[in-house]
Amino acid sequence: GNPKENNQQVGESKSGSESKGGGELRVAFNAQPPTMDPLMTTAAATKYAGRHIFESLMTLNSKYQPEPMLAESVDKSEDGKTYTFHLRKGVKFHNGKEMTAEDVVASMNRWKQKSGTAKTLGDISFVAKDNDTVLLQLKAPSTPALTILATQTQFAAVMPKEVIEAAKEIGVSEIIGTGPFKFVEWKKDQYIHLTKYNEYKAVNAPADGLAGKKEALVGDLYFDIVTNASTRETGLQTGQYDIAAALPHDSYERLKGTSNVKVITETNVALSIYFNKKQGIFTDLKERKAVNAALDADKILMAAFSNKELYKLNYQYMPHEFWVTEAGKKEYNQKDPEKAKRFLQEAGYHGQEIRLATTQDYPYVYNAAVVIKEQLEQVGMKVKLDVSDFASYSTKREDPTKWDMLVVSDLFRATPGELGILQPQNYGWTDDPKIASSLQAINAAASPAEMKKLWDELHGYIWDYLPGVKLADFAFFDATTDKVQGYKPFDGMIFWNTKVLK
Amino acid sequence: MGAIQRSLDGNTKLLRIKNDLKKQQRNLLIRRFFSNKSVLIGSIIMILLVILVFFAPLIAPKGPYAMEVTNRLQAPSSAHLLGTDNFGRDLLGRIAYGAQVSMGVGFFVAFLASLLGMMIGLYASYYRSLDSLLMRICDGLMAIPGILLAIALMAAFGAKTENVVLALSIVFTPHIARAVRSAALVVREQTYIEAMKALGAPSWRIIWLHIAPNTLSPLIVQATFIFADAIIIEAALSFLGAGVPAPAPSWGNILSDGKTVIFNAWWLTLFPGITIILSVLGLNLFGDGLRDLLDPHTNQAKK
Amino acid sequence: MATQHLLEVKELRTHFYTERGQVTAVDGITLHVEEGEILGLVGESGCGKSVTSQSILRLFEEKQTVKYEGEINFKGKNLLRISTSDMQNVRGNDISMIFQDPLSSLNPVFTIGYQIAESIMLHQKVSKKEAYDKAVEMLRLTGIPAPEKRVNEYPHELSGGMRQRVMIAMALACQPKLLIADEPTTALDVTIQSQILDLMMELNKKLDMGIILITHDLGVVAEICSRVAVMYLGQIVEEADVKSLFAHPLHPYTQGLMKSVPQLDGDRSQKLHIIEGMVPSLYNIPKGCRFASRCPYADALCREEMPELTQHQSNQKVRCWHYLKIAQREDRCDVNKID
Amino acid sequence: MLTKLTEQIDPMLVVKGLKKYFPVKGALGQSTGEVKAVNNVSFQLYEGETFGLVGESGCGKSTLGRTILRLTEPTNGEAIYQNKNIFHLSGMELRNIRQEMQMVFQDPYSSLNPRKRIGSMLEEPLTIHQIGLRQERTERVMEILHKVGLQPDHYYRYPHEFSGGQRQRIGLARALVVNPKLVICDEPVSALDVSIQSQIINLFQQLQDELKLTYLFVAHDLSVVRHISDRIGVMYLGQMVEQAPTDSLFSSPLHPYTQALLSAVPIPNPNVKKERIILKGEIPSPLNPPRGCIFHTRCPFVMDICRKEIPLEKEMSRNHFVSCHLH
Amino acid sequence: MKFYILKRLLSLIPVLFIVSIIVFLIIHLTPGDPVSVMLGQDASKQQIDELRQSLGFNLPLYQQYFKWIGGVFQGNLGLSFFLKEPVTKAIFDHLGPTISLAVLAEILAIMIGIPMGILAARKRGSAADQTFMGLSLLGISIPSFLLSLFLMLLFSVYLKWLPVAGYQPLSRGLWTHLQYLIMPAFALGTMKSALIARMTRSSMLEVLNSAFIKTARSKGVKERHVVYKHALRNAFLPILTVIGQTFGGLIAGAAVIETIFNIPGIGQLIINSVLRRDYSVIQGTVLFVTFSYMFINLAIDLLYGVIDPRVRLNRK
């Protein structure tokens, strides 16, 4: 028998009563999320699955600008310290309960407490003004406040108040949101099954990024957890999966040439080197400059991503249109071994071992590290590749005694304040007063223009100070069968407005 | 009494006979060695691999790390006989240098596990009082996942090839122990073991010189399996960062690097795959043949 | 002599392939057995008695290890020519065999009842129940006490003597035309041995069964055999009816053998007679008479040419150049007294 | 040499009340009974003599021999050798005594390690007891090979390349190579044809003359036992029923079992037909030996008392002991 | 028998106890903890510390151990931090696929391995022998993922007979269940069959030379019966040992194949739990696997007695 047919029968028989047809969409998902509670983790898998179930007050459009989602509209007070959110009416949770301001306040307070990004807003409070209105009160005005509310890492999912109150330390136990899909079942290590939420009320605006109209065009949405990349790939080719996520970059060219498969890319991740500036050799700026001078980004990225279409050499720490700046350009990608050697000499480098920690759980990170090691050794540095599994690696990088350099991939952020590489408490420990004060100034900037100006300045300084080295932007790539229509990722996978042709 | 006291003359004559016999015996053994096809083929393969191990610098003068990223994933050509990998490193060179690591891991794991397993198996079968204790320990050891052990050891003692060997040896020891024990249980009941006791032989002698050789066939079968398994598992460990520390080449990690590009660059899996198969084949042929050579019985039923 | 023998072996040769080359363990054996006759087969250990008997049933794996030559005629068929499945019908049904080593010849994982019944069911159309009853009956015949209980036991639960009797019961279960018994009583003490010999003689009379009895014990031969063949190094060196053989053995080897037997009434202080020298190795068979190197009568002719098996009087055949000379000497003294 | 047995000489080995019971375990691992393989056996061995041991198969002859050498632990009883109870020795002492007491095993094939060449197998006992240097050991092995009638080129052969008789001789050579004083021969000639059998028996006698060996000689073949033994013990179902000097035993067997045994020996002469005593009745099992006299189930002369009382050992004539109510 | 089984089961307790301590120590001394994995790449140190604290991971090790083992004694293997469900449930959920796969693979392995071994033994030294033994070597040395990918390409992509990967429980119908398992079972089975074939060959070689085989032939038993009835049963003990071993291995050691074919079995559970440091699951699963190994070994030891009556007596 045809396996595809079989699957569909299975899917339909299970959800037939719930949804009015529309078929099913099977996504070969690359990782099992650690939890379905978006606030409990920064893992992308949770975010991708969760954003179909949960929604937040604000969200991002394709230009990384905030747009309201559960709010009908937002007003900003004169002093810039209070935002008033008018909630959309008639929005119902998946359990049938209508969403009220109370739920939103409970959810936002949880977000405030759990999310790292929320903390950049300083001391804030959410108040329910009435059943349909929520106030956000800031201590100081902040231009990027709404963008921060729309952040996607640990996004501010709105859940019923009761669910939040019942939450344990490892997260909520009921998965109830307001999104276009509702949660049915999570068969551990097998699949996550969502089904169309028939009472979903979409925003009346064209879809744009995560914002705008959302419509479930399939009855059932399965995230099949398939950790093996070749399996995802073959499964897509046989039609067992409609979409295969995060395929190996090396397969890009081949899949692109395959007739019934469409490849879909979205450049939304930055690849950088982080230096350990708390301890060891890279506390010395000259050593950091030596590394920066020695690198040849093209080769590194070629090895990591294998195809030019999948990466873009870019020195911008904030690659969105709004933030683009010329500052720091000349420092980037110098490919100047002689200069590097000079820096080393000045710094008095005498063959100390440099530990480059990495993990093979992210092949591109590992591949980049291998080439970086090679390039640094060309200029006479002694580099040791320290490979471990992700769990060990993630503990290791918290410990300044264990490493000197890392290769890190960061998702694009909407505001500079969210950039991991600039955080003093984050691994790398960028504890520079000037950077700190500039970031504060940007957050408190009165207007976007001022904000931009401050950023230009900071960007130049960053390239001088070198908390790390930004290497490039790159894309993950997904592939779909030619029966899938309307799949357009933004900040990762989005399956509303996506349908499968019969 | 006369028969006992031989003249000096007689003694030297006997010795001469003995020496002649020894020589004759050696010739017979050599002849048998060369007439035994499997040993012969096996040794040739093994010798080739040993050459690979020791002459890697000649085979790949640039070493296993020389990268040309622009030349990545090139199919075999005259410049790179076996093609290049995803960093543009010469595959032949990596395989040649990887031989050191992989053959080493395979060999030492098989050796250590055999030694330890044999010890456990033999003593468990000989001293019945130890049996259930040792076997239960083996049950326990078998259950501890090798990956876990490897990650733990790496973390505790640093990423070294020795730790891979140690972890895998511990994992495989119970397998050998069980196989040896089951064979030894039969052997220990044989009359010739009793005869050795009657001669006043100490236990260690009985165990190691009389029981052990008779458990060799299942041991060889298992040990060759372990050799192969160790090479392949080392790859899985490398992938988790718990194997041979990267970017040192091992057949295992070449293979798992190749795994992701198997559809684009077949040579990256094919060639290390073939080398692994060859080495296992060589070792097995050699082992089988050796066993046949050592086993007096198999000399009979042959044409 | 009957026109058709029950079994007639003609010029049987059995070659083994070994690492050191091809070995001919049985080299041109010719013998025959009549219905109701017990033929004794004696000879030095390793002379090929067992190989001969197993060759008759073609029990060695052909092609791989062994090559047969010659003829084995049984009921007018040449057993070496018939197909494997026909051979399977002959085995156990027409010709049965008792093996030399009872300890290892029974399958340790089946009950003895099963093993006997299996052989009955293979050749007779009987139910399982009937076959088991027959098995019990056979065990009773061989003198095993409480056979109903014993049928359900495994070989290792029985004593050596009992196992030997199980083998015998199994061999006799189908009432074969011919029984080959390879040292059936070696492991038994004399009281049980005599019971078993009695049983064999009884069946031999009752069923008119031919028997080839291989043994080392010349006493047993004297007691129950009617004819004897003496083997040496893969050949038959003498064949005669039992009385003539014991009265005047012709071949020097047979003579040596007879003299070596310790007598119950002999002089204990006297050393036993021995045949000097060693049996030559099968890999290195001498050119002429195979016994020449140990023979007191040997001369140049013996060392050069192999004698044929020649008829002496009506009931004796011998393979020796000098048998006439020896026969004359033997006539002069009484052989039965050991000198 | 035949009857050098005198009252004055102290025995070399005294076995008193030896018992060996094997526990029998059922399929469930529980004990279901005991095989009384050797049940209260006493006898002495004198230096330089041969003590023959005959009896039905399974009556405990091998077990007796193995127990004396402590190859299995005795259930009860003692064996005094050179004023020491063998059953109380341990470690080094036991090993030393094993140099002086050797055994030739019943099954010649399985008592040889199939993977060892004959030469190294024979050299091993010397290595164990640290006798001689390497060179000397080889010489000695060659010598012993010669003595048992094997050839030097057998040195490098494996056991399976030998015929039964040759294997038996190898077993013998292995026992003799360490210069023992006492050799327990467990049916050393039963697998041999008469011509080789006589070679071996002669060899036994020759070695006894040369080295003053003492033999405990187990065999089925009564004519062989008669030829070689000075005294003979007859065993039945784990017990010694009769013990006598050879001539005395053969001329006047006292126990009904001995009588039956002697009458059943086939005579190698087709003209002589002997009157056999046929034993009827159930052969008892050592698991469950009969009460009273163990032989009463098959005894042609059974009396009432036999079923109730165990007969005591009586000395009927000089050194001729029997356990039977008839006497 | 009951007594014996009881004794064996009792001897399990100390072993489980020791294994539990070893595993506990190993996993806790290994760097990385579940919190950092769960919180993801970008979690801040503060967040991590908070969660660690609230879950009790900063208590002294012995306290953590006693807390856990105390639960185990009450039949509670703990709660999976990652799966958000009791460890017992997690094991139970992953057991179904594993058992189906292991049984199917073992059946395949036996069906391929034993006849192949027997044939090789009977035709020792012949071309058939060498071919089969060569194939079995290939089976040993070919990396399992290569074989799996090859099977996938052939049967799913090219022939479109079978689904690429995944798992459906038996409750969805036998064929639905089986079609997902055939390829992985085949991949595992061929690898295991190599070992079984070699064992079969070597032990059959010994048995086929036995005297009782000649006895059987001399009775006129058909050659097929001689081999499969008389000889095989005698040669079966070492084969059974290997079968037990491979079966035990299939329970915990099929992780690679399970990952490739995306079968949510115990092997995957172990590996995944190790990778995400899901302490209680690792501990629970290892205890469970220890238990099943011992159970299999016990079953095998009991089977020994069924197959070979001599073993029954010798059991001390």
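Which chain is which? They are A, B, C, D and E, in the order written, and residues in each are numbered from 1.
Rule of thumb we're sticking to: contacts are C-beta pairs under 8 Å (C-beta built on N, C-alpha and C of every residue); 3 or more make two chains touch, one makes a residue touch a chain.
Per UniProt, the chains are B, E = Peptide/nickel transport system permease protein; C = Oligopeptide/dipeptide ABC transporter ATP-binding protein.
Since the structure is predicted, the reported quantities are computational estimates derived from the model, not experimental observations.
Listing every chain that touches subunit B and subunit C alike gives D, E.
Hopping across touching chains, the smallest step count from subunit A to subunit B is 1. With centres computed as the average of Cα coordinates, no chain lies farther from subunit C than A. Comparing chain pairs B-E and B-D, the larger number of C-beta contacts belongs to B-E. Centroids built from CA atoms put subunit E at 54 Å from subunit C.
Subunit C and subunit D have Cα centroids separated by 29 Å. Our note on geometry: subunit A versus subunit E, Cα centroid distance of 39 Å, whole angstroms. Each of the following residues of subunit B touches two or more other chains: 151, 155, 240, 259, 262, 297, 300-303. Residues of subunit E in contact with two or more other chains: 30-31, 124-125, 149, 275, 313, 316.
By the touch rule above, subunit B contacts subunit E in their complex via residues 128, 132, 135-137, 139-140, 142-145, 147-149, 151-152, 155-156, 175, 178-179, 182-183, 189, 217-218, 221, 224-225, 228-229, 232, 235-236, 240, 255, 259, 262, 269, 273, 276-277, 279-281, 284, 288, 297, 301-303. Within the complex, the subunit C residues that touch subunit D are 42-46, 145-146, 159-161, 186-195, 197, 216-223, 242-243, 246, 256-258, 260-264, 266, 268-269, 271-275, 278, 336. Touching subunit A in their complex are the following residues of subunit B: 65, 67, 69-70, 72-73, 86-88, 151, 154-155, 159, 238-242, 245-247, 259-265. For subunit D in complex with subunit B, the touching residues are 66, 69, 71, 94-99, 102-103, 105, 107, 110-116, 124-125, 128-129, 135, 138-139, 142-143, 147, 152-153, 155-156, 158-161, 171, 174, 178, 210.
Across the interface of their complex, subunit C is touched by residues 123-125, 210-212, 214-223, 230, 233-234, 307-310, 313 of subunit E.
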